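Below is a structure I'd like to ask you about.
As written, the chains take the letters A, B, C, D, E and F, and residue 1 is the first residue of each chain.
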């Protein structure tokens, strides 16, 4: 079965950071789970500051 | 463990509504589950009318 | 559109806590978003201690 | 209970494709699961090429 | 990019229903989106009656 | 904001594999995104072979 990551991140990451994240997460997951790299999928959901909250406070207000 | 909400909402809510949603959901969850408020995370995914459907009909066509 | 909550919770909550969580989340969401209660859905995913981690440590080891 | 689909798709699909996807998924699900069509919800998350990766490579670089 | 379905279903479906659901969803999605069938993944999350609620009422109490 | 992973994995991984997965994913994410490790959460959803399908075929039948 495909191993799948959903990363929920704040907006503002560079393409280079996303490129490295996909590469490293895939490599490490395949190593740890003895799986093939082409069975690993990564999905990044970028969330704006007005759409997340921690401990009752909106990101926008932090 | 962190209690986490993913709210799927139609686009068009005000920041003030989101602010209150995060505040109230966090407070009530901590009360009901005897947890600390700083263990509660809220994530809001806004979905446009062309990206959801109920009973076989696209939101755009309702 | 239906407003939908996915609550990720540690295992071990009582049915009574879940009943109250569904009731209160639905009522407060409908109030805050001026929506009807029958447009609100709640889904609870229970996660065992060996299946979540915070700050690099497995729940089981906390 | 509501049957719910979350479709993760690359950006770039037409409204007409989404309309047909919602209609057909709903009809077939209701048939296969002996459920009512109005108990089926479909949510489409569109993901840009810089936010997904297969086998360690970013969509943008494929 | 891989098209991915997350189906949230009440517990109690037969393996035969799941087999047909995976087959039909994959075939129809590939047709509608002009994609290859091997780019389609389906994930089924089964939810017990005490872990979902509609319109403020727990599934268990319906 | 908290960076959050949802890993969808086939059942059958050892606790030791999950422990290492949480540790390595957290460390690498914090490094790549210049974030603190305690802002990283990992959630593992284990899916049985009858609840996932690739290219139209149920995991059970592969």
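Here is the rule we go by: contacts are C-beta pairs under 8 Å (C-beta built on N, C-alpha and C of every residue); 3 or more make two chains touch, one makes a residue touch a chain.
Just so it is clear, the structure is predicted and the values come from calculations on it, not from any experiment.
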Point to revise | Chain pair among B-D, A-F or D-E whose interface repeats that of E-F, sharing over half of the contact pairs by residue number | key: B-D
Exercise for review: Determine which of the two chain pairs, A-F or A-B, is joined by the larger number of C-beta pairs in contact.
Suggested key: A-F
**Study point:** Chain centre separation in whole Å, for chain D relative to chain C (CA means)
**Key:** 23
Study note, to complete from the structure: chain A and chain D have mean C-alpha positions lying a whole-number Å distance apart equal to 20
Study note, to complete from the structure: Listed in rising order, chain D residues that touch 2 or more other chains are 2, 4, 8, 41, 43, 45, 47, 52, 54
Check your understanding: Can you list the residues on chain A that touch chain F in the complex?
Key -> 1-10, 13, 17, 20-21, 24-25, 28-29, 32-33, 47, 49, 52, 54, 59
Point to revise | Residue ranges of chain F in contact with chain E within the complex | key: 8, 45, 47, 50-58, 60-61
Review point. Residues of chain F touching chain C in their complex?
Key: 15, 18-19, 22-23, 26-27, 37-46
